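In what follows, structures are represented as structure tokens.
Both of the next two complexes hold chain A, though its partner changes from chain B to chain C.
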Partner chain A sequence: MSQRGGIAPYLQAAPLALVFLLFLVIPLAIIVMVSFWTYTDYSIQPAFEVQNYLDVFDRCIVRLPTLCTTFRTYLSTLTFCAIVWALTLVIGFTVAYFLAFEVRSPTVQSLLFLVCTIPFWTSNVIRMISWIPLLGRSGLVNQALIGLGLIDQPIEWLLYSSFSVTITFVHLFTFFMVVPIYNSMLRIDRSLIEAARDAGASGWQILWNVIVPLSKTGIAIGSIFVITIVMGDFITIGLMGGQQIASVGKTIQTEISYLQFPVAAANAVVLLGTVLLIIVGLTRVVDIRREL
Partner chain B sequence: MTTSLKSGISRRTFLKTSAAAGAAAVGSGAVTGFPYVMAQEPVTLRYLGTAVNQSKEIAEKVKADLGITIEYVPVTTDEVTKRIITQPNTFDIVDTEYFSLKKLVPSGNLMGMDAKRIKEFDNITSVFTKGELDGKKIGDQGTAPWKVFYLAGNKSKEFSPTPTEWISLIPTTYNADTLGIRPDLIKRPIESWAELLNPEFKGKASILNIPSIGIMDAAMAVEASGAYKYPDKGNMTRDEIDMTIDKLIEAKQAGQFRALWSDFNESVNLMASGETVIQSMWSPAVTAVRAKGIDCVFQPLKEGYRAWASGFALPATLEGRKLDAAYEFVNWFLSGWAGAFLNRQGYYAAVLPTAQKEMATYEWAYWMEGKPAEQEIKSPMGDIIAPKGAVRDGGSFAQRMGSVACWNAVMDEDAYMVRKWNEFVAA
Partner chain C sequence: MANGNLELIQLTKRYGETVAVDAIDLKVPAGTYCCFLGPSGCGKSSTMRMIAGHEVVSSGDIVLGAQNVTDLPPAKRGTAMMFQSYALFPHLSVLDNVAFSLKMKGVEKTERYRKAGAVMELVDLTKYASRMPAQLSGGQQQRVALARALVTDPGILLLDEPLSALDPFLRLRVRTELKRLQRELGISFLHVTHGQDEAMALADLVVIMKDGRIEQAGTPQEVFHRPRTEFVARFMGGHNVVTLDGRPLTIRADRVRLGGGEAGADRSLSGEIRGVEYQGATVTVVLAVPDAGEITAVIPEERFVASPAALGETRAIHWSRADEYAFA
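Take a look at the complex of A and B:
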């Protein structure tokens, strides 16, 4: 590659930079700005006040160790995040491993990969809602268990509970783990695995010392997908949690629908900060840029 | 234009281009004030509202009767308010609830409607104009319509306590809400709002997750339990909000609620599937459950109903032919056909005499007078909703609207209430 000077590279990068500026940086700057404004029932007014942030963290310190609404909401969202991340990682990694290493023929590989995308042919919401008749009080699972004589009373916690939220999240988002991990695994040089085997490594050793480290980029990217989606979600939590489980997104949505834009913006800034912290932490562990 | 002139276009071509541009603007309807051109064009009114009144049948009938095309913009209750405040030019007529007016009127985005241009104005039920029914006062807690009915002027941002010519909303429908129950699963009479928080229905109750309405249902339940008597459930103090939310949190942590719901279909599904047996509900949702052949009752309770009312308003910027068309449409709406259509769904029409003319005697007797149905009662879409001999839940119009305890409201402490409601959801 020859060295290119001048402004050509900048011009080439300009369209994307411009798109980011217009649709990401400027809107974000506006959100941050509005989060310091004041509001009434029907208007928002420019100001520079931290009241919205004080409202977000209303009595959070005084009440400790009892958690305030915001801390409680974040704790609940972060817990979902951790559980869903762990489950999608294990399942996603296994599926990707199977596709990349157990299936030998590239045609079958692509075919099976396409099979994984089939659920995406229907809408997200429909895939979500389809769990309801399955898990409900008189749903298929309860009917089957009662029919088999295993239980007398229907199990209540199957639906509108943390359980149903988790299962739906895992169902919806595992594929976001599968894709990047599968992609990373395909790039692993097969001779490395042969070398490891020749050197006497067991199957588990190969997995742990060769495949996992070389799939790290995929794992990190998949994790970013899953974590950011779960952190911002309020539809799944609302629908499957019977709206009784709080999420930061739902709080923001309620505030927006009551025209409290500034406090919603403050909440959004706090959420953004939290997600960014998690992602910075992740990139500390895996240097995505270098490994790509 | 200045640049093109500089670049040497002759005066003649310039005139030609601007004339063409002008004509194009008129053709696209962008320029108003040419009534003789516009009158020949069909008018389209963008009708913003919740889906409640936006029936296909009504739009078709308007098209046939007036030649006006109604283009529905269906959104949720909260979204209507948001649209009026943030995008007041995206609709030509709006159907919204009276309680939202406290937020809408001060924004100046709506105009008062001229009572003199409303043909049936004097026949609008006294529920709206005076807060009376057959001379009897109706419960006025919350944002009762007569408190926000009159504006100080056409483009005024203030309400008028005394009657004026300018009306904030021309009423379309209203109703008295109560709890929906599944009598087949409860198997005993339900008479009080207190039952919503009764531990007997642990894990089988639901309350709606629209803070401003949910808190009212909760207050009805708290008051019915004898724990506290609110001076005004529709305008609580911070302490009262705290107390009410604490009661809700207590119930939630004890597992009282199976789920919370925020849209019509969710409430129907919860009830129809038996996930809940008692919950906050809306009249047409009860009808929808019944249409599935499931026993569901919109149970009248001794403490009374929580009422709501909605009506038409026009954006402050509406003018010319569209303004005339909007008045024409509102007058049509009050002239009977639409009123009968709404009455048959279980709502009430704003002008009752005209609606009565469009309904059969047996229909009027069932829906409005609380008498047993002389023949099968059908919805406007033709589904059978009540068999012969059935009586409407809650009885007659006078019985139902006469026992209203409070109205949907926007409280002075609205922002605080929403924050506390979020705490309830998070608990």
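Take a look at the complex of A and C:
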């Protein structure tokens, strides 16, 4: 054995550290830096001012309990996030449970799992807009309902609404829940289920007392995926909300399109902080490292 | 729970075309330590899993006490199973593992902890109550599994190769412990193993299985002294199975002596010594005897020292004809 210490371990860690530095730390540092700069309609000036942050929360505190634009945007984004999280969790858990426990043959299991990945062979945007002919005013759903005589007028809230945004989010991101949960479920020793049954546990009791606690890490990882994606999203909300629904991501996008980089950066830092808080909260509840 | 007799009637398990357990009949009186013994794939585990209710019975019946339990769910049978890998819940503390079945029954928290505590005392686990299973040694985990099975007050405890995961030294200690526990509780233990020494040491009733059938069921002495088939004799060990005078018979290895015997009462043969193994109190000598095949002699150490044998020598052996036993 060579002696521990010296330069060798640092060299071994260097490539990955470099990647992190280049693609994560430096860009983040730049965003934080720019968020303190000043800007006018046509220029950006290096500076160190907190004005951008004050602008983000402009009169937010004094006007309470009336919500300012920023708070309303965050509330709407968080609401979407919560609803989408709950739906993807329930659907994702169910699919993962079916794959891991109801399908007995490992070959069929892998096959069905691959089938789940097929939608990912097309781009997110295409999968989004393919909802439009389905949900539109004269879309498939409305026509079918009218044809069946269930409604006289087409339902307006199907498309370009919170409904269409939610359904698209769920459609796009449920698989991000399925994968980690399925992965933790596969690691559950089957004899534990038998032991629980031997102890008199019913199906629901086994689910609640054995399977859910042992899938916790998968649930947490899937939740992080879904929450971070939905919190930062602007394309889905824009496209499926008919550019009418506010989200933090869309705010940042709009500010960038007006070349207001410093305030966009400040907004991004606030968003990052919010998402980090949620994730820290999650890791407090579940020890994720057990899975990694 | 009914502390009853267990009876298997024409119990059969088929997996597609393969017959794992082939119409076996067996009676296990209440309070018996019963060992299912056999090579892997003989159907002993399937039989136990059917009794536990974790495997669907293809045909036949399982009667426990006065109740036909063939189609009852596991927890309604009055059986409890201890799994081979222990199957402890990794996310629950020792106390919660032991109290698990009580929680499933809806027993209130203080009451179930009190009861679990009492069982844990029985197996000397009290001081580990708050540990997680991963923080325990193999022997401690085994005791948790035992306590978890016993907390339901089962009429029969089913143990699936309970000692196989332990090191040899611990295995002996736990073996003694299991026997003591069974005596104290007065319930039947049904213990699946592939180790004949384990079965001999523990069982009141040894059930030897082969290819899904019961080869022989009886006390350890019966099985050892009067093996019904060649397979039993070979599997129990300590026997030579030889064909002499045109019929197969067995002679216990410890009854074979070196040197020539008396003409009438003894049977004398001779062969080349192929192996000499020193075992401590005894010495095992293996000879290749023409016409009879390999014969093993287990000789007390002092006798061997008095007349030692070396590899390659040709030596006479003998045994009393009264010790020969022909299969029924």
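In this text, the second predicted complex is superposed on the first by the 279 of 292 C-alpha atoms of A that agree within 3 Å, B and C clash if a C-alpha of one lies under 4 Å from a C-alpha of the other, contacts with A are read in each partner's own complex, and residues count from 1 in each chain.
Methods note: contacts are C-beta pairs under 8 Å (C-beta built on N, C-alpha and C of every residue); 3 or more make two chains touch, one makes a residue touch a chain.
Quick caveat: nothing in here was measured; it's all calculated off a predicted structure.
After superposition onto chain A, the modelled positions of chain B and chain C are compatible, with room for both.
In the superposed model, A:Tyr10 lies in contact with neither chain B nor chain C. In the superposition on chain A, A:Phe48 contacts neither chain B nor chain C. In the superposed pair of complexes, A:Gly200 makes contact with chain C only, with no contact to chain B. With both structures placed on the common chain, the touch criterion links A:Trp121 to neither chain B nor chain C.
In the superposition on chain A, A:Tyr258 makes contact with chain B only, not with chain C.
Contacts of A:Arg137 after superposition on the shared chain: chain B is touched, whereas chain C is not. Which of chain B and chain C touches more residues of chain A is settled by the count: it is B. In the superposition on chain A, contact of A:Val210 is made with chain C only, not with chain B. The overlay of the two complexes leaves chain B and chain C separated by a minimum Cα distance of 45 Å. In the superposition on chain A, none of the residues of chain A is touched both by chain B in one structure and by chain C in the other.
Chain C makes touch with chain A in their complex at residues 52-54, 73-76, 80-81, 83-85, 87-91, 100-101, 103-105, 148-149, 152.
Taken in their complex, chain B has these residues touching chain A: 76, 78-79, 81-82, 85, 102-104, 106-107, 203, 209, 211-212, 252, 257-262, 269, 273-275, 410, 414-415, 418-419, 421-423, 425-427. Of all the residues in chain A, the ones that touch chain B in their complex are 39-43, 55, 58, 69, 72-73, 76, 132, 136-138, 156, 159-160, 238, 242-246, 250-251, 254-260, 263. On the chain A side of its complex with chain C, the touching residues are 189, 191-192, 194-202, 205, 209-210, 213-214, 216.
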